[in-house]
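For reference, chains read A, B, C and D in written order, and residue numbers begin at 1 within each chain.
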Amino acid sequence: MIVVMKKGASQEEIQHMVERVEQLGLKSHVIYGTERTVIAAIGDKRNGYRASLESGPGVDEVVPILAPYKMASSEVKAERSVVRAGSLEVGARRIGIIAGPCSVENESQIIKTAKAVRDAGATGLRGGAFKPRTSPYSFQGLKKQGLKLLAQARNETGLAVVTEVIATEDVGLVAEYADVLQIGARNMQNYRLLEAVGHSDRAVLLKRGPSATIEELLLAAEYVLDAGNPNVMLCERGVRTFENHTRFTLPLATVPYLHHKTHLPVIIDPSHGTGHAYLVPDMAKAAIAAGVDGLIVEVHPNPEEALSDGYQSLTFDQFREMMKICRRVAEAVDREITPHHDIR
Amino acid sequence: MIVVMKKGASQEEIQHMVERVEQLGLKSHVIYGTERTVIAAIGDKRNGYRASLESGPGVDEVVPILAPYKMASSEVKAERSVVRAGSLEVGARRIGIIAGPCSVENESQIIKTAKAVRDAGATGLRGGAFKPRTSPYSFQGLKKQGLKLLAQARNETGLAVVTEVIATEDVGLVAEYADVLQIGARNMQNYRLLEAVGHSDRAVLLKRGPSATIEELLLAAEYVLDAGNPNVMLCERGVRTFENHTRFTLPLATVPYLHHKTHLPVIIDPSHGTGHAYLVPDMAKAAIAAGVDGLIVEVHPNPEEALSDGYQSLTFDQFREMMKICRRVAEAVDREITPHHDIR
Amino acid sequence: MIVVMKKGASQEEIQHMVERVEQLGLKSHVIYGTERTVIAAIGDKRNGYRASLESGPGVDEVVPILAPYKMASSEVKAERSVVRAGSLEVGARRIGIIAGPCSVENESQIIKTAKAVRDAGATGLRGGAFKPRTSPYSFQGLKKQGLKLLAQARNETGLAVVTEVIATEDVGLVAEYADVLQIGARNMQNYRLLEAVGHSDRAVLLKRGPSATIEELLLAAEYVLDAGNPNVMLCERGVRTFENHTRFTLPLATVPYLHHKTHLPVIIDPSHGTGHAYLVPDMAKAAIAAGVDGLIVEVHPNPEEALSDGYQSLTFDQFREMMKICRRVAEAVDREITPHHDIR
Amino acid sequence: MIVVMKKGASQEEIQHMVERVEQLGLKSHVIYGTERTVIAAIGDKRNGYRASLESGPGVDEVVPILAPYKMASSEVKAERSVVRAGSLEVGARRIGIIAGPCSVENESQIIKTAKAVRDAGATGLRGGAFKPRTSPYSFQGLKKQGLKLLAQARNETGLAVVTEVIATEDVGLVAEYADVLQIGARNMQNYRLLEAVGHSDRAVLLKRGPSATIEELLLAAEYVLDAGNPNVMLCERGVRTFENHTRFTLPLATVPYLHHKTHLPVIIDPSHGTGHAYLVPDMAKAAIAAGVDGLIVEVHPNPEEALSDGYQSLTFDQFREMMKICRRVAEAVDREITPHHDIR
């Protein structure tokens, strides 16, 4: 940590801050510059104390040097993690594809979709049973019945089930039916929920909140890892910016950046990341070229009649076509979309 | 709702969309423009169906005309709501001031702060007992013991207690001790939690998420109102933007805009909204000049030693000085900071 | 400057960077931390060399310690600057009010508006003669004829004329007629234009670009100051964020923050900063409570028929009413709106 | 255009707005909804008049239906445009690669770089002679001498020269030496400059401003097209958001979105779009997978000693390696990186 003093800070103020640093169990090292004095605080403490130093007298700012997360850091674990959950494998050379409707609506919808996406190359099935909706007047999901339909789809297709859990009290129930517990973007900083899935033995797909920094995302993952669950996948689904022609702005540089900072696998959601079905395939291809470890894509038998998110869902044909080219792009960058038969 | 067809949409596509609109129970009205055709969909349905129309063939976009919230809307209830909770009164001509530390740390800290802020003019006491922290390694609050200290502070000062609840399972416990349940920015779209406080008889202070639109904030309030709790205060605490010299960007235009759109009272949090103690007083004054109904401000006996958020906390002296000028600004805009004796 | 090395950087890499720092004429100071090594680079160079150090081997990041601007800095000149231009006085205790139409449209419009705003308390008249418009098909201003009408309005009212200059080749012409040269937000980083107004003897009102950081704004001002013109006013007119209920997001914390960092006076533009006439008066009051040195406000005899920006223009009555309360707020914070008779 | 009246707008207000619409030469069409009345304004006028209608009595908002740009629109010209300038060809199946240093620094630097990037597959050479720099104290470019060195590099390699022009008065000079005039992000809305390059016979590479909407970018292109120059390439180089781990946030969805809205070719700048050399190659591959028509990439013989932007410049080896994989990705999506010999 570097404590930057204001220009003209007095010797007393500098001495006071040196003492504060040492009270925190850190070694201090004062550097007198031409215009300002800075105090380097040396030790293995992470930034828990940054806040208190910032309000010291004569202090201009405090610059942290260490990243505040540990278990998620590639400095702590250099080899890349692979997450496996049923037929889904994500990480290392393998790219896992998760596809399915926004919401589970009925038996025929979910079974037909599961078969179609498996045939096109998916190894995970997405589908919401508990739906967090912006408006209390929107469809809120089939809940337990939805979970049962997902499990039935897994039985019929072999696909791993990926579904969202929106409350601590539901974790046990959802974990009974699902292979992967999804934490939605709205709940990325619902720490009680993160701890609860951290205590589960299911893999976790953690979505980045639309205004979360990458550091906040990694600290959210740290809650899950710290609770004992190492099977965490990080998902970029777009951030909120001034751009209004897409639902969110999808920053694909997140993929190589996260690969640099963490060993956890990285998933891209081109459906929420764009909000328009016609933009999804190009962004899926781009994500693979950028080195992503997995995709999660919305697919619906008839998007026009979907109970939610129809405008960003692909038809079966569009998904099949997209997968064909994604496979070629994966090869071009020396990766492979995990084949289905390989895994079960 | 206005369905805008693409240039060159075929007569079949237009006819198809007219049928879709009518299937949704709305009346359709086709307008043939010079370059495009638009279909007005008339009826009292809110935008639940917008999504499905957007994926229709030949559709360019769907423009909603009605706001999707109802109970929060000033179109439904024109007179301004006043929220009262113990000594706190917020709304109409009265401005309620809530002040206190970020976290409850110990008895002496909270009791001393409560007395100091009451003497300076606050009628509500803030203080976190359950702390949602970005890092799992940061101080997480005193929990139940913190609630007890808050209740003790209320006994000694008469101040209403405002404290955050971060999980559904804690709502009962927190409601035993608090006058106002605060929903933090990270939980603004934790719908299960919104419903739980909606079923409580305590007033609710709902903070805007850092990337939530105003419409999303009002829809979050709608969850609480719809569950039966009319005592909701909305709190602007800053949005996340590219600006990096303040912790968040505090858009005070939220105050008059919300006064235009909703009857619910509006609170400003200049502490989180700026992230620097030296910017807080000027933004507090500005909020009052903009017509705000209340302030929530971080105050600490010794910010430099605070366990959280010290850099944005005022000292007792700074708070007292700020309140003096806030009172003058309130008068200048024909408002009044609720005096303490008035209420109990 | 602090050069932060990567965890595990080799001794060779550290040595290489020490030599690089010294080649730049700075003194180096190596600090070996528990996990990383940092190199403090000491000397009076500003951040011109930051970029090149960042690409050194084993370097994680380079943290600047000194602000890159000098002449604009309050560290260099502690007393607040006052800008005077004709009847306009901005800075110190005095608040200058600039008001008028977005565009000069015709003689009657500009003369009537000038009289109305002067009578309500303005000492500066705004009005665009050269209009930078997003679309080539929009009204582009009356150009020289517009300048003449502004000068005529000054003759009839005594108001200082504030008008935008959009190209280097127009600076001479505009300076013949105007008291203050406005650099619009789109041109904040048009460095050739900044230099040109820097060589003029007219005062300059420099608007912040909608995505410029405060540091970039101060560096833009530095171009003008460095060219020899000390009479620069900085204007916050809103930044571009995800918020869509206002045209831009107006961050009033810019006012106290700039007062902290620079001696230059600060102006707020609540018209562009909100984009809706009904939000303007409350933001004007708030700006004054926040300590602003001046306001620039759009006023039009008949906003509904304005050739540009009508939706954010006040009528004469609305402006007069706003000024009445602004005066009371100014008094509440120990400031004064510069009276007209005082100045000429 | 749809004029949405407020709930409870009076019959007089509606009638007034109908008259206003008709005064503008549009046909009006009133639709009485369950809660509100809307007025459709029909005709071929673009949004020049939107502003004035918005300030009408009883009006809630005005929703435009037509895009405000024409010549850039894919509705006006369906087939994709191809831009050719010397050895550079961009658009349709061909992907053009432009590479070179941020600034031209000296003869050896630019000639060596030109040869290296040509050998790796580039057909355009970038290099700044006039540099718009955030700080007046940074290196501002070699100016005319830089242009001459670029021309010499073209003579020796056959590469088309792409270089920035920052002022109207320089357009003639720069056009003497350059094949493509680049308009930098800071000048995207410098309309006088857009008109000047619109009157030139050189191709134009127009960079998106960091907070410009896509509509504003297309309107800026419209200025150039409208002045008579059809050879415009649009360049996405990242937008400014809250993300701070990259210099800008690079939204690759811009590529398919622009392909949908306009016939003009689309270029990606992964160097400015990320600000870190180690992120550039993955984003270049991703851009190609997303369907881009060209890349502009910073390459330097020794990034550590570059006078500007070294941290985001590739070495010759990194560029060659990147091009190898880019070629494979291009093939995977049925595109081709324009070979050099093909063109001259």
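Everything that follows uses one rule, which is that a residue touches a chain if its C-beta (ideal position, glycine included) is under 8 Å from a C-beta of that chain, and two chains touch if they have at least 3 such contacts.
Just so it is clear, the model here is predicted, and its values are computed rather than measured.
Enquirer: Where in A-B, B-D or B-C does the C-D interface recur, with over half of the contact pairs identical by residue number?
Expert: Most of the contact pairs in C-D are shared with A-B.
Enquirer: When I count C-beta pairs in contact, which pair ends up with more: A-C or A-D?
Expert: Of the two interfaces, A-C and A-D, more C-beta pairs touch across A-D.
Enquirer: Let me have the rounded angstrom distance from the C-alpha centre of subunit A over to the C-alpha centre of subunit C, please.
Expert: 39
Enquirer: Can you work out the whole-Å distance between the CA centroids of subunit A and subunit D?
Expert: So the centre of subunit A lies 31 Å away from the centre of subunit D.
Enquirer: Could you tell me which residues belong to subunit A and also touch two or more other chains?
Expert: Where subunit A meets two or more other chains at a single residue, that happens at 211, 239-242, 244.
Enquirer: Please give the residue numbers of subunit C that touch subunit A in the complex, ascending.
Expert: Where subunit C meets subunit A, its residues are 2, 4, 7-8, 29, 31-36, 38, 40, 42-44, 63, 65-66, 75, 240-242, 244.
Enquirer: What part of subunit A is in contact with subunit D in the complex they form?
Expert: 211, 213-215, 239, 241-246, 249-253, 255-257, 260, 273-274, 278-279, 282-283, 285-291, 325, 328-329, 331-333
Enquirer: So in the complex, the part of subunit A that touches subunit B is made up of which residues?
Expert: Listed in rising order, the residues are 20, 46-48, 51-52, 54-57, 68-69, 132-139, 166-169, 186-187, 189-192, 209-211, 216, 219, 222-223, 226, 239-240, 277, 303-311, 313.
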